[in-house]
Amino acid sequence: MTVRAATPPWTADEMMTVTAARMLWNGCVCFVGIGLPSAAANLARLLHAPQIVLIYESGTIGTRPEVLPLSIGDGELAETAGTVVPLPEIFAYWLQSGRIDVGFLGAAQVDRFANLNSTVIGPYDRPQVRLPGAGGAPEIAAHARQVFVVLKQSARSFVPKLDFVSSGGFLTGGGARRLCGAPGAGPQAVITDYGILKPQPGSDELALVARYETVTAADAVKATGWPLVVAEQLEVLAPPTAAELEVLRALHARTQIAHSRPVKLPV
Amino acid sequence: MPVVTLGEAIASYVRDGDSVALEGFTHLIPFAAGQEIIRQGRRGLHLIRMTPDLVYDQMVGAGCAARLTFSWGGNPGVGSAHRIREAIESGWPQPLAISEHSHAGMAAAYTAGAARLPFGILRGYIGTDLATVNPAVRAVTCPYTGERLATVPALNPDVTILHAQKADRAGNVLISGILGAQKEAGLAARKLIVTVEEVVDDLGAPMNAVVLPHWVVTAIACVPGGAWPSYARGYYSRDNAFYIAWDEVSRDRARFTDWIARYVLGTPDFNGFLARLRADGVGP
Amino acid sequence: MPVVTLGEAIASYVRDGDSVALEGFTHLIPFAAGQEIIRQGRRGLHLIRMTPDLVYDQMVGAGCAARLTFSWGGNPGVGSAHRIREAIESGWPQPLAISEHSHAGMAAAYTAGAARLPFGILRGYIGTDLATVNPAVRAVTCPYTGERLATVPALNPDVTILHAQKADRAGNVLISGILGAQKEAGLAARKLIVTVEEVVDDLGAPMNAVVLPHWVVTAIACVPGGAWPSYARGYYSRDNAFYIAWDEVSRDRARFTDWIARYVLGTPDFNGFLARLRADGVGP
Amino acid sequence: MTVRAATPPWTADEMMTVTAARMLWNGCVCFVGIGLPSAAANLARLLHAPQIVLIYESGTIGTRPEVLPLSIGDGELAETAGTVVPLPEIFAYWLQSGRIDVGFLGAAQVDRFANLNSTVIGPYDRPQVRLPGAGGAPEIAAHARQVFVVLKQSARSFVPKLDFVSSGGFLTGGGARRLCGAPGAGPQAVITDYGILKPQPGSDELALVARYETVTAADAVKATGWPLVVAEQLEVLAPPTAAELEVLRALHARTQIAHSRPVKLPV
């Protein structure tokens, strides 16, 4: 017996976080970015995946933070890590070496072949909006065995053509990725506030394969900047359970308190 | 290896037009050194840093920089580095040329620099436009497999500035915690300046700790709190509230300019900076 | 990540014809593992090691090896590795093909292997005959400076075997002291076996210590003393007297063969090996 | 007033060690090999160069051993080091980076251009004597700002042609080294049991520039496998002082005791 409501008792972020967390398995080695991916990975750790291995690009391996980091290098990540290694080592020995099961990425824009833009809106030389840039994403996208993308869906973020390719997904589709020398399988799921998109065999084009029960496929198509393919068998995702929401909200609450603690320098 | 004031270190070793790397990956960011460079009015610097966040937002907004080499530029967990954005988007206070990499590429470039190799290799930039817009990203062919691999030119800054927990009286430096590419950036540089939380008789370093021997360090300045609002493991934690507050301060040219004028240009040194923040009730 | 006996680990993960690296640069040399490989009669191995000293002298003399990749092969501070010498000079007990490098070249090859790059680069082998006799040493041209640099193909052993101080119950491994290329050799391998002095509840590792996480380790065996006659920092020191005595034992085929028969083949495991040495009044 | 005797009250090794030690200065960064170079470097540290920085290829930086190591990686080197780094780092960040003032090498053979053989006597494929090999020497010879070679002089070790070039000195001489891309200045002194040989400007050929007062130039020429050039101004080296011998012999005595200490495993 599930609740159905126009405005359910959880936020879109919570729904996305819970959905992403459910896709991670116990023991999975996960290369985590800040924000929603970090929340999802730690939620999974606190729920069904206690042995998940979380790696942040700051060099913290096997970290188990009590509260979510605001930055990729918060002290909490180091203090609770199994080991902390130099940053060049993280990218060479741990990511490029093919040891990452799941790389978790966000972006400003995604296209139908799951290529990502986190660099610039408008021309690179005369940007309308200069974004922070790629950071670790290009090599996470290339080397992780699979990549999960988490991004709210809208015609402005799900675009027919990226202004800039920061991280390669399936490039031009149709197997182009396999020819380019990227070792990983690429983006295997895009988790949005409408549901889950996955690349279709052969074309590599993203299709809506699952939706939240609060939305329709038509809603998702409307929120996409290209004619979105919808799978014939469209799965309906179970809503967050009370347990999932409780653990997630407690995590955010702990985080809130920790981050608002005033810092005093030893004078 | 002399222990000097930060003012003396910057005056002696950082010149207009130098390539300067202030490293520290969210941890041990040399904020005090960045502000002293602003205070001394350096111009035309080529700033190098994997994650130009607030420290370079301040330096770029204050007009110190002509070029930026980087791989991610923002306010971590908060949003944009507004001053860097405005320099790139509309050339204020002056145009900022950029040389943009991925983290893996920058790390390989520092590693090559530390090893005094002319380039580093990685299986990187695959299918991205970064390789297109940055002519420094090139390729070599593996002489064994024929695979094409990306190359980046070595980074060898004129000056690297680091903040560390401790130095001993001989000038040996101990860094512990999140290390970023600090060792590589330090060893890649022609001159290495290190600010530290304290100078001690004995580093008490574990055998395999990251220690920079005195003979690779050009100068040390003791600047307690010198990484604030970032953090120094074992001394103070990250001031997330300041990072969040900076979003407002930096969003507006006038407000930013006033902030730099009052707290950086208007104070004699880092202690003066902290004192004024505290006097205004916004200090750590 | 299972904790097994050394016998089980070798039986399960080391096959005839494998490329096998037992690393450890004078410190933490996995002697017990090398002797267990002899005991189990492995043949046709491609042995890889920067400094094939006594551990490979024993394995080569016992007939385990068909090929050796190395950069220095002797009895440190004493003289020749007589069994390796005789295998190379006169093919006894069987011919030994060699692939010879410098230390810097081997180190670059392990580093490339750990990073899963197909090759490593160094400014090396300049003006030497090593580059002539080893066809694996090649060159690339820097795409920025035009400089020619030496290349070595990545080393990715089928199995790397290390000895470390500690593992915890989850299988995380702590190595401290002289590190050699152990981390690189371990991460470059398809399978990683680690023998340890003890298994503990808590590694008590400093934050930036060398820790190999359980999920990169194939198997762990608890073998106290397993690095003897080399040493394990914090547990026992190097048995220089044994290294000196080995010169006599290994100089003569028959005497070496008797030694292997009595102490290695004639004992069920490393504890048996130590017990017999002690019974004969020559044990540690 | 100096003692002159056929058999002086010191050994050839002691004379060579003292002579080599005198060539090291306070604060000099020295990449040290095992044996006589290690003895000389530590003697210098105990005498006139307390701030000398000793680096062994095992990764020990700034080490101050109480006793001499038998191996390049003795525990004593690590316990007394300023820091201990991975071996790949030593060769990449510390040697190749050009940070070494003096590299100290031995060898089995040297030729007139100070090229070294530590690999094989006879053909490489059918060796008469297979030697341990090059180890760290090829890159020490290439990258150290200058190299000191320590080797006893005889027609068998000072040969007209090496059986194998393990480490490049001045190659074929006459400036050939500068053309080959080796950053360091190469061997600037060969310290033998007859005296000191140095490369001559222009030709790069080794010439005897100093002798011990116990030998003649003719002795040195006879102990060389090629027609050895003798400098017109032939310096006579001062014999070891009582203080030098006392410190060196005490060091060796301490070392002897430490190395003969029986090792017991914790049973």
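In this document, chain identifiers A, B, C and D correspond to the written order of the chains, with residue numbering beginning at 1 in each.
By definition in this document, a residue touches a chain if its C-beta (ideal position, glycine included) is under 8 Å from a C-beta of that chain, and two chains touch if they have at least 3 such contacts.
All values derive from a computational prediction rather than experimental measurement.
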item: Euclidean distance of C-alpha centroids - chain C vs chain D, Å; value: 28
item: Intercentroid distance (Cα basis), chain D paired with chain B, Å; value: 41
item: In chain D, residues with contacts to at least two other chains; value: 78, 84-85, 92, 96
item: Shared-contact residues (touching 2 or more other chains) in chain C; value: 116-117, 122-123, 147, 177, 179, 183-184, 207-210, 233
item: Touch-based graph of the chains, sorted into line, ring, star, complete or other; value: other
item: Every chain pair in contact, whichever chains are involved; value: A-B, A-C, B-C, B-D, C-D
item: Residues on chain D engaged by chain C in the complex (per definition of touch); value: 34-35, 57-60, 69-75, 77-78, 84-88, 91-92, 95-96, 115, 119, 124, 127-139, 142-143, 164-168, 171, 177, 180-183, 259-260, 262-266
item: Complex interface listing, chain D residues touching chain B; value: 27, 29, 53, 61-62, 78, 81-85, 92-93, 96-99
item: Touch list for chain C against partner chain B, complex; value: 116-119, 121-123, 138-145, 147, 149, 151, 153, 176-177, 179, 206-210, 233
item: Residue ranges of chain B in contact with chain D within the complex; value: 114-117, 172, 183-184, 187, 205, 207-211, 213, 215-216
item: Residues of chain C touching chain D in the complex; value: 25-27, 50-51, 70-74, 76-78, 80-81, 84-85, 88-89, 100, 102-104, 107-108, 110-111, 122-130, 133, 147-148, 177-181, 183-184, 210, 224-225, 228-229, 231, 233, 235-243, 274, 284
